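One structure below.
Chain lettering (A, B, C and D) follows the sequence in which the chains are written, and residue indices restart at 1 in each chain.
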Amino acid sequence: MTPEDLFVMDAQTLEYLRSPKLYKPSACTPLFLACYQKKDAGAIIHTHSQNAVICSLVFGDEFRIANIEQIKAIPSGKVDPVTKKPMALSFFDTLKIPIIENMAHEDELIDDLHKTFKDYPDTCAVIVRRHGIFVWGPTIDKAKIFNEAIDYLMELAIKMYQMGIPPDCGIGEEKKHLKMASP
Amino acid sequence: MTPEDLFVMDAQTLEYLRSPKLYKPSACTPLFLACYQKKDAGAIIHTHSQNAVICSLVFGDEFRIANIEQIKAIPSGKVDPVTKKPMALSFFDTLKIPIIENMAHEDELIDDLHKTFKDYPDTCAVIVRRHGIFVWGPTIDKAKIFNEAIDYLMELAIKMYQMGIPPDCGIGEEKKHLKMASP
Amino acid sequence: MTPEDLFVMDAQTLEYLRSPKLYKPSACTPLFLACYQKKDAGAIIHTHSQNAVICSLVFGDEFRIANIEQIKAIPSGKVDPVTKKPMALSFFDTLKIPIIENMAHEDELIDDLHKTFKDYPDTCAVIVRRHGIFVWGPTIDKAKIFNEAIDYLMELAIKMYQMGIPPDCGIGEEKKHLKMASP
Amino acid sequence: MTPEDLFVMDAQTLEYLRSPKLYKPSACTPLFLACYQKKDAGAIIHTHSQNAVICSLVFGDEFRIANIEQIKAIPSGKVDPVTKKPMALSFFDTLKIPIIENMAHEDELIDDLHKTFKDYPDTCAVIVRRHGIFVWGPTIDKAKIFNEAIDYLMELAIKMYQMGIPPDCGIGEEKKHLKMASP
């Protein structure tokens, strides 16, 4: 990817200041804009991750996982009262990511996306059922870290589910749920 | 791969204009020719993808998957009445790929291949049972995109199948089929 | 790997003509020698492939898979009466690879290896239970192709087994064995 | 990774002699120090391996696997009476790795880590439940080999578990445990 491959848009007027010759703007542009404008995103990652699709088939309107170390890579939405820096989730927290229904075209997802901004003010991601996931962060580096951590957690949740363990079950409760006797 | 590694054939006379020293023509040559001649293919990809083999063992004479975003990467065979450009499948469509029986030698597949051209005039791929898949497109770039999208969809279909979910089940029907209670 | 990393041994006297400074000869040396001497091998590949280990746990004294296109990459041991070239297995053949028991040290496998040379005169591979696999060929390129094809077939066989399908079941018989109803 | 990315600490005074500009010391520093001081480690590897997390969910306070060739890559803690070199586990041994409970912060793991040093004097690794694994060795090369071998063994153990085979079951006992009839 080179600078010439990027679209450059004026954040005020929403006019394209520069467009690559080969590409047309993503159908997700209104969704990206919503994240930039309402969530102070510095970068947004969108994938068709199979882990996101499977989680959306298996779980309801929310993806939940708890008590896994990797959760500590995800921001909690809280700010440290002393350092004023954003705080991450703790090991004992439950990560909750909303799952919205897919539509024929990406721009039709905009209303549900705005709804999740209201219902999940601290989320940095939205799963779209049978489609994939949107993950954002203050910088591209942070967005990449959040996306990798969430994909790891969705992959782990599917493995837990397949063994009968609810991904948000309490510490020490997992053995009760195991589908097979522990050898 | 260098230009010297390629066979060059006259499309009219079917004579080889140039042949690499090290290789002999693929046993699939008659199948490739059929795709070039009857389907206007610009490139054909053939793999022994395990996802194709497993789908051919699990499903009958057709691979079907519906209501998954990635389906939108596959051409529908229809042409946009305004832009005159080929249209892709929509999210609500069902992708159908024919599965034909394998034979001792690739050239014996030619009759069944021609039959799928008639029965599935819009398909850009044919799965060969216990063997693999053929995918074609107007250019090598398009063929590669179609092949990657179909492989993703076959991989996803197997995961859905293993969880009890028919890959072509209706939106919202998936929970009914889940082999395990949603945690 | 550079030429300096290789041991060079006189095939007659079994003396090392050159040894790398950093390494000691593999504990598998007697097994490699047996393949060079008795099987006309030009190269031998040894891995701890998890697919080989799982196959050795699941199957008895023989790994069998039939009616899969990739089998055609494996030599049959027969020679074409016209071209005098080695012939591969056909799609309708059954690939059979012996599985021998592991021992405390690699050199103790030598008797069982010689036994498989007698019982499976055409095999180009031996699986060692709970250990891995040895694959040989007339050249390093061929050995690599055989190893990759066998690993593909063992991986596929495990997937078939997990779905209830015996890897050597007849064409069209697979649906009878499926553990779940075809969706 | 460049030398500038590393922290340099005085092993006696525990003062940082040099710190990279961009990073802050790992929260695992007290755990690393304990391994350097009490276990003569030359290097420690810490991962959030999903294989370690799944093993910690499925097994109790100890991960055990036996009679697998790859075990021979792990040190036994014994020293060869003749060569005075450290001896590896044998094929017939059982590898045992302790599993400790996770805490809110890495430094709180220190007491349990010291306890495993006492209870498992020969272990070169500790699994932390719902978190990951710590692996150490006399050099970074050895630590890397141990970590790769243990990850391979944990991955294999999960596959065995999913097929119903206890990873530490006796040789020849595996068929009794198989959840599905051998085809």
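Following the convention adopted for this analysis, a residue touches a chain if its C-beta (ideal position, glycine included) is under 8 Å from a C-beta of that chain, and two chains touch if they have at least 3 such contacts.
In this text the structure is predicted, and so the values were computed from the model without any measurement.
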Copy pair chain A, chain D: interface residue numbering same or different (half cut): different
Geometric centre distance via CA averages, chain C-chain A, whole Å: 45
Separation of chain A from chain B, taking each centre as the mean of its C-alpha atoms, in whole Å: 31
Residue list for chain C, restricted to those that touch at least two other chains: 165
Chain-level touch network, classified as line, ring, star, complete or other: ring
Parts of chain B lying in touch with chain C, wherever the complex brings them together: 48, 50, 53-54, 57-60, 101-104, 128-132, 161-162, 164-169, 177, 179
Interfacial residue positions of chain D with respect to chain C in the complex: 67-70, 90-92, 152, 155-156, 159-160, 163, 165, 171, 174-175, 178, 180, 182-183
